[in-house]
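Please go over the structures that come below.
The same chain A turns up in both complexes below, where it pairs with chain B and then with chain C.
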Partner chain A sequence: MMFRRLRENQIVFTWAALTPFIVLFLVFMLYPLIQSAFLAVNQTYGPETRLYVGPKNFRLLIQDPVFWIAIKNTLLYTLGSLFIQLPLAFVLALVLNSRRLRGRSIYRLIFFSPQLMGLVFVSILGALAFEKRAGFVNRSLAWITNNPSLLEIDWLQTYIMPTLILISLWLYVGFNMIYFLAALQNVDDSLLEAAEIDGAGPFNRLRHVVIPSVRPVATFVVLLSMIGSLQLFELPYILLDGNGGPNNDGLTIVMYLYQNGFELGDLGYASAVGWVLALMLIGLALVQIRMVRKEEAMR
Partner chain B sequence: MKNATSLAILSLRHLSIGMWIMVVLFLISGMVLLSSNQRPSENLQMWVFSPEHQAMYAPMIENLQLNSERNDRDIDLSLLSIAAIKSKMMSGFFGGLPTADLIEVERATVGQIFMGPSEAIGFHDLTDRLHEEGLYDQINAPSLSPWSVGGRTYGLPHDVHPVMLAYRADLTEAAGIDLTQATTWDKFFELLRPMMDDNDSDGRPDHYPLSMWVTQLDNIELLMLQGGGQLFDKDGKPTLDTDQNAELLAEIVSWCAGANPVVTDINEFSAAGHQSRVDGDAIAYLCPDWMCSIWKMHVPGIAGKMKVMPLPAFTEGGRRTSVRGGTMLGIPKTTQAFEQSWETAVELYTSPEIARELYSMVDIISPIRSLWNDPVYAEPDPFFMDQKKGLMYIELAPQIPLRTSSPYNYNAVLEIRDASTNLLNWYNAQENADDAAMIEKTKDLLRRAQRSIERQMSRNAFTGIDP
Partner chain C sequence: MSVARPSKISRSVTHLALFLLAVVVLLPYTWLLVASLKSREDFFSGLFFPPGEGFLGISWDSLTLENYSNLFDTRFGRAAINSVFYASTSAIFATIICAATGYVLAKSKFRGRTFITLVVLGSLIVPPTLLIAPSYELLYNLGLLDSVWGLLLPTFGPAFGVFLFRQAVQQSVPDELIEAARIDGCSEFGIFIIIVLPLIRPMVGAFLLITFLGMWNNFISPQIVLQTASKQPLSVAISQLRGVYRTDYGLLMAATVVSIAPVAVLFLVLQKQFISGLTSGAVKG
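Our next item is the complex of A and B:
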């Protein structure tokens, strides 16, 4: 009796349950979103001092070579993530999924451990490892090749983007590996056995059974990795001491946004940068969704 | 509504133990927060970023509180990181909210304060007060420039930070070289060239004459200033692409260029850098007064082996010093106690006791000229082979170059760093680049740097500067 009455009033309860979320969403998501759209057409010095400039911020942004450098760097890093980091994570997951490998749990922990340390700590360690002369990387290279001139490689001044990608490999390969590992553990054993009985070798089993089975997870990991890469900030910020490095070789879009908004105090220009980034992310997400739907339709 | 409440109560019954623990913790923490007294303190608030400053000011402030005739408020001295001061201060200035009554600001932070319209500068204009109380004439004149915009001064300078050349006298003397004869950079490198031999056959010179590299922002700026280079004129307009800057930059980069550079890149603050100093990888260092205390603390292995001397000049008879870093004390406009803040600021920054402590603890000389007679500056320093280095820094203090307060200075220095790096790469890629070609390339790179700064400045309608 009581339950029936309650069910009749479910709408009231639903709204009561949703209200905290809606309030938080309005205050911390929707309002800032609207505010940033408003800011993007103003020049500001902090939130109080502003001057309406219309679409000038976007026009200047398009003409701004530093912004294009930031876009180029961010895309380069994203490509590095997609084409180096994810395949490596997948291969690692395949290896660590093998039942023949002893001590798999230990390896999994080792590869995942950079995530436990946190991005800032890993960045600081990365900076030390790639230090000129005294860094672990240069010392190892010089020792292995018996060539002391390799001690002089200035990774963080000369090879900024490769260094960023290398450090992010250390940080994220283990993290993405966990997703792939979970997907691999869900691959239907009977399908693999059937393929084996049909005479499929390891490569064909991987190609025709394993990869199609992990595709939904892979799609999710690709999207996650792309969004994360486009939002890259902390790693170069810490490694390069808050600026983009020589010739802005390590400047990313979010770093440029931060510099304008919080170093120069121009929240308007920073908002314009933010909107361009948001449009890029929405565009990528739409492409991704479309590709997934197309694939599902083909199946 | 009543039914909805009943449903909510019914749902609570089905919560797990873990959820109940979370609910109880939420309620307890909420009650603790609500019951805590969050009223702002009535005391005068002062933010500093240096533990040494805090240690020096604390007893002085205690005295002030005991002896002050006004004595209306006690003073709370808080130590915050530079980043924390910057974000708290700027948030307060942007939002018109109270910050502290006195804030010590480091030079790298000050640009953002001057980025907006003059009426939005969050600190009180102290110019008239400085003149009225005769302080303006007491302060080492060039030390006011980084804190002044349009002839108005917004902070009391804490220091002068002249730069000398610190060198491994034990090594030079063992090699029979009298480095004090190096009145110009050319003579300096010439005198030390014999020490660059590779006697240990490790493929590198045993000693480089100088620790400096094109990627070291502060040292590049310091050398440009020493040579009379200017990144902004007195009206705040960028002047990166001048002939003088081009010649200077080409000369500085030439030290790093080629197969046998005469300078080396030793990290100034890392453990590896300190070890290099002990090993004598470089003979000389560009040494502002504050750097002495850093070495004393972190590189005791070079104690008694170093000496200081005025910087070699770029041309005979040229300037023998430069300047690096700096701090000011400002009074935010939101203070409710300007008079007491001013009294405290003046007391702290003009006190002979504090000046003495400042030099004894961190080797920094005061910008107040009347205090330069203090015997503390004439004490021999065993770290520097008993040289009276305080007097030596003081002698150079009035000659430090004027610095800009342009909010775009940091960006301009970054542009110079990029131009230097590109020039070095270009030079090293050439077969035979002569001086004239190098100067032309430098001019070209500086033109690009100038355009970049102009573009950044043209976006700012608030400073009133048309680049």
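Our next item is the complex of A and C:
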């Protein structure tokens, strides 16, 4: 009898605890997710009117040169963060992991600190810093080289992609460094010592002991960084005042989604863009999971 | 662990490189802070401080707080209050809801548990950008556009929070403790509050901070949902401030300093928890 009461209490509590989440999940996650599939085959003008157009949105999208520019820019930015930022983050983690290094915790804090600002505020600071004449970057360059003509470099209009990559390098390198530092805790000290006794030099120890131990985390960081990079929005949106810049040089996929959905009012076309992006992301995630599985099977 | 036994020379090179890199990372803040203290006339004099007769050749007297006081003439103060309200409400509700759900999914035995867990985990793969357009339509249909609740409600039940709390409970709450409390006559709600929450306190702290920062820095949702200027948070207000006061650099910089200062202080106080929260779920122990 008492056990039955207890069991009933448990069930009541369980569902009381679950209900708020389930309601929120159904309304704000599952329902929009289903609607996004319907929207993608409709054309809308604002949220009130829907016109069924079938797969036309996707056909238009493939033929849309601006969409391809957005894809190209987004991929360029993603490659920038993969091949410049992550290696640097890993090297920083290696250096700062050494216990003999003095001041390593203060360095960690300094490198991580830009992450505290949040993307929007970093974007504002970036916009101010890369402004021509008034910006900190050009004024430093002009001051160092004593060449005032450098004040006129118009980063935001002429070199938007390198500017985006530089700002995100500043913002994310310390963040990814933290993950790599955590991963380096998994490296087995005795394995390293054994390798050293066996005559392995620093490079070989790195290659055969350290890198295999951090690989799971590295895979995760690569995936996280790709997912984030492919959804880049705030930084170029704020740097370029809401448009893609000259010749759409700084237009990203999510900016294009935003423009179509909220400036032109076609939530259908925006959803089609969203689905293409989602399929890219899910495809990448699956490829990565498969690669990890294969490696584990080989070991 | 040690990858290399560095010689004295290579060690000094490392130190020099780290030092220079740290300077490069810190310079933009320094510039931001100093330039926010310069008057409009002084903005272009000197790279950092305005040169003058004072200590270190700097004209200290010409530094001013006028940019900060000018901020109050804009709608920036209102936006700051909004940001504090949105970020803390979102953090508190998301933490309570996710902790309760995560605990139940980790410990209660009931029909449908596996199904719910799988659906929650599966939903983690949905990129948030896919939901932007349909969520807008949904909020329109619910009459929640330009409403504070339209902004806040969708942030109260993040699936990744349920996942994090489920993991934290599995790792640090032993079944025996719950059973013992139950036999001693503790109510189910009491078990959650008195036994479970203290055991997962690090995750509670980390998650409060993560969700607070997430909302504080959120730009695209308030940009889409809120139209009335007086409802907007700092993130949206500051980007519009830039459109209006394009060349009033001092004012924009003061606004940026004010927007990031609370978050920086919060982080410095709760640093340990934040980093442990950041890497939890990512790294196996």
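In this section, the second predicted complex is superposed on the first by the 276 of 299 C-alpha atoms of A that agree within 3 Å, B and C clash if a C-alpha of one lies under 4 Å from a C-alpha of the other, contacts with A are read in each partner's own complex, and residues count from 1 in each chain.
Just so we're on the same page, contacts are C-beta pairs under 8 Å (C-beta built on N, C-alpha and C of every residue); 3 or more make two chains touch, one makes a residue touch a chain.
These numbers come from a predicted model, not from an experiment.
**Q** If you stack the two complexes on chain A, which partner ends up touching A:V287: first (chain B), second (chain C), both, or neither?
**A** The answer is neither, since A:V287 touches no partner chain.
**Q** Contacts for A:L125 in the overlay, against chain B (first) and chain C (second): which applies, first, second, both or neither?
**A** second
**Q** Kindly classify A:Q35 by the partners it touches after superposition: chain B alone (first), chain C alone (second), both, or neither?
**A** second
**Q** Check the contacts made with chain A and report whether chain B or chain C touches more of its residues.
**A** Touching more residues of chain A than the other partner does is C.
**Q** Using the superposition on chain A described above, determine whether A:N247 touches chain B (first), chain C (second), both, or neither.
**A** In the superposition, A:N247 contacts chain B only.
**Q** Does chain B (first) or chain C (second) touch A:A134, or do both, or does neither?
**A** both
**Q** Where does A:P47 make contact in the superposed view: on chain B (first), on chain C (second), on both, or on neither?
**A** Both partners, chain B and chain C.
**Q** Kindly classify A:N9 by the partners it touches after superposition: chain B alone (first), chain C alone (second), both, or neither?
**A** both
**Q** With the touch criterion stated at the top, can you tell me which chain A residues are shared between the chain B interface and the chain C interface?
**A** Touching chain B in the first complex and chain C in the second, residues 6, 9, 12-13, 47-48, 131, 134, 262 of chain A appear in both lists.
**Q** Note which residues of chain A are touching chain C in the complex, please.
**A** Chain A reaches chain C through residues 6, 9-15, 17-18, 20-22, 24-25, 27-33, 35-36, 39, 44, 47-48, 92, 94-101, 107, 109-111, 113-114, 116-121, 123-125, 127-129, 131, 134, 136, 139-140, 143, 170, 174, 178-179, 182-187, 189, 192, 202, 205-206, 210, 216-217, 220, 227, 231, 233-234, 238, 241, 254, 257-258, 261-262, 267, 270-271, 274-275, 277-278, 281-282, 285.
**Q** Which stretch or stretches of chain A touch chain B in the complex?
**A** Result: residues 2, 5-6, 8-9, 12-13, 16, 43, 45-49, 51, 53, 60, 64-66, 131-134, 148-149, 154, 157, 243, 246-248, 262-266, 269 of chain A touch chain B.
**Q** Can you list the chain C residues touching chain A in their complex?
**A** Against chain A, chain C makes touches at 1-4, 14, 18, 21-22, 25-29, 31-32, 35, 43-44, 47, 97-98, 100-101, 103-104, 108, 110, 116, 119-120, 123, 125-138, 140-141, 153-154, 156-157, 159, 162, 182, 187-189, 192, 213, 216-217, 219-220, 224, 235, 238-239, 242-243, 247, 249, 252-253, 255-256, 259-260, 263-264, 267, 271, 275, 278-279, 282-284.
**Q** If we count contacts the way the header does, which residues on chain B are in touch with chain A in the complex?
**A** The touching residues are 1, 3-4, 6-8, 10, 87, 90, 93-96, 112, 115-117, 120, 202-204, 215, 265, 267, 270-272, 275-276, 407, 414, 417-418, 421-422, 452, 455, 459-462.
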